[in-house]
């Protein structure tokens, strides 16, 4: 009988997660206790829980880079940033969701408490990925996040397209998970451990040339990359994306374009950079090629789309490509290396602009319109503010200064140029120009065409506030990006603590 | 009968994994695809157990336990989706599930 | 005066105006107009104060404002002006004010949004001229893009969406290339010195390798060449000009095109002197082609705005020609051409706008005999036509003469060819003027005393040309002469045109120190 | 590999298989006799003395019956399904310890087929797999009654398997093992009370009364016996999943049910009643006696209780037994901690 | 240990053989006289109309899903139960937390009506 080392967790380090868990319990209990017409109060519970969880990050001493649960859980700057991104994305998602879920946009309506609980579960899972110190935690976090999102995708269960999107997402997601854990198994086999820092420590002889790279490690690397490639929808593992985005209830599309992606990239950073960093020579080229293929495919195919949700789905593939460029710019754990920080910052900005874009689509749907390009006709005449918000999001996604998206792209390009990946930087730029075609079309249709179709007035204060927040955030956070970037740059400190 | 080594586990696991993968890629019945995914999960479990056995550590076994649990949760979500969809479309043939096209 | 951030003030005043209109949802169109006019006038006044306070004898940047903004990236908030930008700033504020006045009554549709767009455009333009940090510059450069595209796309004429998108994509493509260039420059400087900075002045101290220079020069150059626009990057220009509303055309021709030339002088030459020298032959050839091409195409245009647009291509060719001659005459010439073109072409667009408002067409063949019933208008048009074709005593002559002289010194053949083209410009401008102002109006019977008309036959001139607005033909003989407001927009431009033609030295005083710095790497003697 | 041990184990396995079949045959006879007695009837008495040959006559009759495959049936599955049920049932008996080690012809023979360290898990797994036979049979019959019966059966079996599994956790806490042999050994040391004044057997029925009750109920349901014989309810489902089966294939399901019953009884005896533990006589007899007690209990239930309604059946499992089982686990843990002085 | 499984494997084969032999034996003596009526599925005397693979109540699926979840969770308890003593009080607290979550989930399902058999 091996000596079982008892775990004495530092509960203080997981306060944000605990608060979120508590919120979930309260929401579920509210579902049971409250009568149906009072369910909308749960929206506020969820928002308060998320905000509290976000604020509780202040109680933790991040500088120490502590870990608990035998190193399974890490409270370092990387996890802090992920917490911030995910918490904000969660708040914004809830804000754009409530009117949709409570409204009559979907046949048969949707149950709000379950929706919120699933959303919060997914957020919690993603936070765990961000704080993972072990392959096991990464796996559990990703699955916790993904499973909830599968369910959310098919949440409009009276609508076939929703279920269909969910099915495709689910089948490919589960397939990817299988590949991912097979990769983890091989990593474990090759290094004898599943702790990220330990893996890195055991691989260090490889870089100093004292040991060769085993074939099994390369296999593990490949499997991990493919598995995570599915999760972030990198080409050629993207097949589920457009269908899932189009089929899912609109706020869910917005949510799933951001948070699961954050989870995927957090896992990539944790696994590839923190654990397999010593093998970077083997994966950098792979990631760079993935990045190129992904952004080219996503942006080119997006041009042909008439359905705005589908278009945003393809464009999110394109953005995955941009973010991958940031990862491909990894050059070793030095204070100057901007690879992971550019990824983090991109994810932060992507949360604002993409949830915002889907939020506007939700806003339109609340007013009885559809989700195709034609439904955006003349929006500027009907509602100048909504059109302005959409314009801000579209231009930001395009990467136009001084909006947030520009800064994100700028940092990514900077990271790429810094390590001499000029060709990738140029590709990002060229693809940004290509993306102008379809983003601009939305703007053009809103401003240059005359309104068509019926329009019903509807009051959606929370959604409107959310959109305003995101639009302002998209405008302002770029200009004030300095502290954020400093924070993101501390990933070096986070990953360096062995 | 020769001694059992970790490569036995690994070969078995790889075989199962590849069978599952081929199943996912070639079969058209949603349920069969789903079962193939589950097969892949279990192949991974075999791998983990094999490695844990080889290294005489508990980590792999723990991991396998967690995989089992997650696979169960995954099965539940997946079956829910498949059930809801098949009740709407009256089919489990993935080629017939194609409303989401441009 | 010291310490007051006059540059920030004049840049952001229009933005404040835009914000006022935006957050005042019940503002009537008239109120929006007045707010916009007020904001642009404040900005104009501030720019004049700045001009008055500008020390022409000092070298280097003046009115500098600087603080760290994104220290992690070496980005600073750095504003400052020298002789080159100071004049362009005044040109911008002036033309924006004129543009707002010119759209007073011609824009009746979504007036609030229009004014917001105009003011944002002004902020963007001014920001481009005052920024001394590449990051900041790039931001303003892109900020400018959207309002201009909206101006064309929302308030333009029939084919406006196509033109707006084309304009946007061309410029965006160019500027993204520039972005790569900026980052490459940043990285290269960082590798040389270990300092992260995007400050233009600081980057000029760097020592860049030849290959690097060639590539990054090209990246910047294409961005600016699209803006100039230089042949063969010019195809967006005719569409944009033709479809844009009058004020849009004015600002496009008057200010936006200048940004290309400004960028070349501010960035390309000082940063990459070696590359500039080696690229110069190519650019000179392209400039000459552009000059000839613009002139020839302008000759056959039936559309007034297109004619002016192609004449812009031709005129702006002189700018690049002058710049890449790398001598005093060339550089002065380029700058004067830019300023003069800004005044004259804007004025010409305003003139076109005047008769477009009356006739709802831009086809030359639909006008005639305007000199008879619109004498004041015809005088203005005549003045600007002559200025445009380069009549001595008016602004166009000075600039073109200097830049041809510079080209002649640098590249004899180019100078000679460019000089010959001046004849073409006289041809198409005068022919246009003749048709619009003097020729018989459509439907007008021939003058019995005119021997030429007898030779041509006694038929009245046929009414021809596809009418744009439902075929309603307005007889040009019924046009009223310019209103006071229209005259107010044209008069300042006319005064400046004459002033520049008569006393160019006043303008050149401002430019001297700045151009000396630009020419320094090229052995810039002769100032 | 220890070949002699292997061969002796296999021989024992073969014996177990046949004993199970024989026991099953006479189980039907005993059931009929006991039921008859309880209902004041005579029961089978024509074939042989006291009707003792009745099971053999039944077997021969079934063997000679026509084997009908309905036209809607999925032929291959239809033919294989009963075999699955039949094969899996006696396999569970492989891990039951019938006694210690004895010496036969100079060879050491263990009175169990295999001592595997996850024996209980193994039994549960086989129980779960047994559902396949039922559900495949029901599905392949091509009949509504069969399919509905199979579905009900599957739902019932899985629900009660949960309770079954959880009811045993207490025993694992106490014994620290999943091996039946070790669980058995753990029950051999008598408990001494009052400073050795009284010695009582350390049977888990004493320390796990709640667990025992849960196990008992779940075991009855798991084997589809009355009052939980919903899947084959004649009055509602015309026999359920085996509606379409005839002849010997039908008897395979029958066999499987009775063998399961026997195995579960042996399990219960081993897990809760100290198995072979007992004074005077040889252990095997004690075990047999305890198991017989359970079997009689089965028959008693069948004659006494009416059938449950289906919603009651499922409600009982999920709403009553499952929470109770969980509470049992928590309580057992608490007591165990206290006993260890860790609290 | 492995030997135990080997014996069980052999036992499995034996059982399969025995079953097959019994079935084949029956084939020698049993009659085979199918008639159309005999081959009809049993429908309480009413002729069969359509194939029986129609829909059944989703309750069955729900039970299956609940089972999968709770069974796996139950399996989680086994390793803990076996090493109860070495894990001690801390392990117990952990397990109780786990069980509480399990029960809470059950309660939630209960209240949501997933356990009602309509």
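The first chain written gets the first letter, and so on, giving A, B, C, D and E; residue counts start at 1 in each chain.
In this text, a residue touches a chain if its C-beta (ideal position, glycine included) is under 8 Å from a C-beta of that chain, and two chains touch if they have at least 3 such contacts.
This one's a predicted model, so the numbers in the text were calculated from it and none came from an experiment.
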item: Shortest walk length in steps over touching chains, chain A through to chain E; value: 1
item: Each chain counted as touching chain C and chain D at once; value: none
item: Chains contacting each of chain B and chain D, listed by label; value: E
item: Most distant chain from chain C, judged by the mean position of its C-alpha atoms; value: D
item: Contact pairs, highest-scoring chain pair; value: D-E
item: Chain B-chain E separation of Cα centroids, rounded to whole Å; value: 19
item: Chain centre separation in whole Å, for chain B relative to chain A (CA means); value: 26
item: Chain A and chain D: spacing of chain centres that average the CA atoms, whole Å; value: 52
item: Euclidean distance of C-alpha centroids - chain D vs chain E, Å; value: 14
item: In chain D, residues with contacts to at least two other chains; value: 1
item: Where chain E touches two or more other chains, by residue; value: 64, 71, 75, 83, 88
item: Pairs of chains found to touch, sorted by chain label; value: A-B, A-C, A-E, B-E, D-E
item: Interface residues, chain B side, partner chain E - complex; value: 4, 65, 68-69, 72-73, 75-76, 79-80, 83, 87
item: Chain E residues within the chain D interface of the complex; value: 1, 3-8, 10-12, 14-16, 18-20, 22-23, 25-27, 29-34, 38-44, 48, 51-53, 56, 59-60, 63-64, 66-67, 70-71, 74-75, 77-78, 81-85, 88-89, 92, 95-96, 99, 102-103, 106, 110, 115-118
item: Of all residues in chain A, those that touch chain C in their complex; value: 380, 384, 391, 395, 400-402, 406, 410-411, 413-414, 417-418, 422, 425-426, 429-430, 432-433, 436-437, 440, 444, 447-448, 481-482, 485-486, 489
item: Partner chain A, residues of chain E touching it in the complex; value: 83, 86-88, 90, 104, 108, 111-112
item: Chain E partner contacts - residues on chain A that touch it in the complex; value: 1, 4, 6-7, 25, 28, 31-32
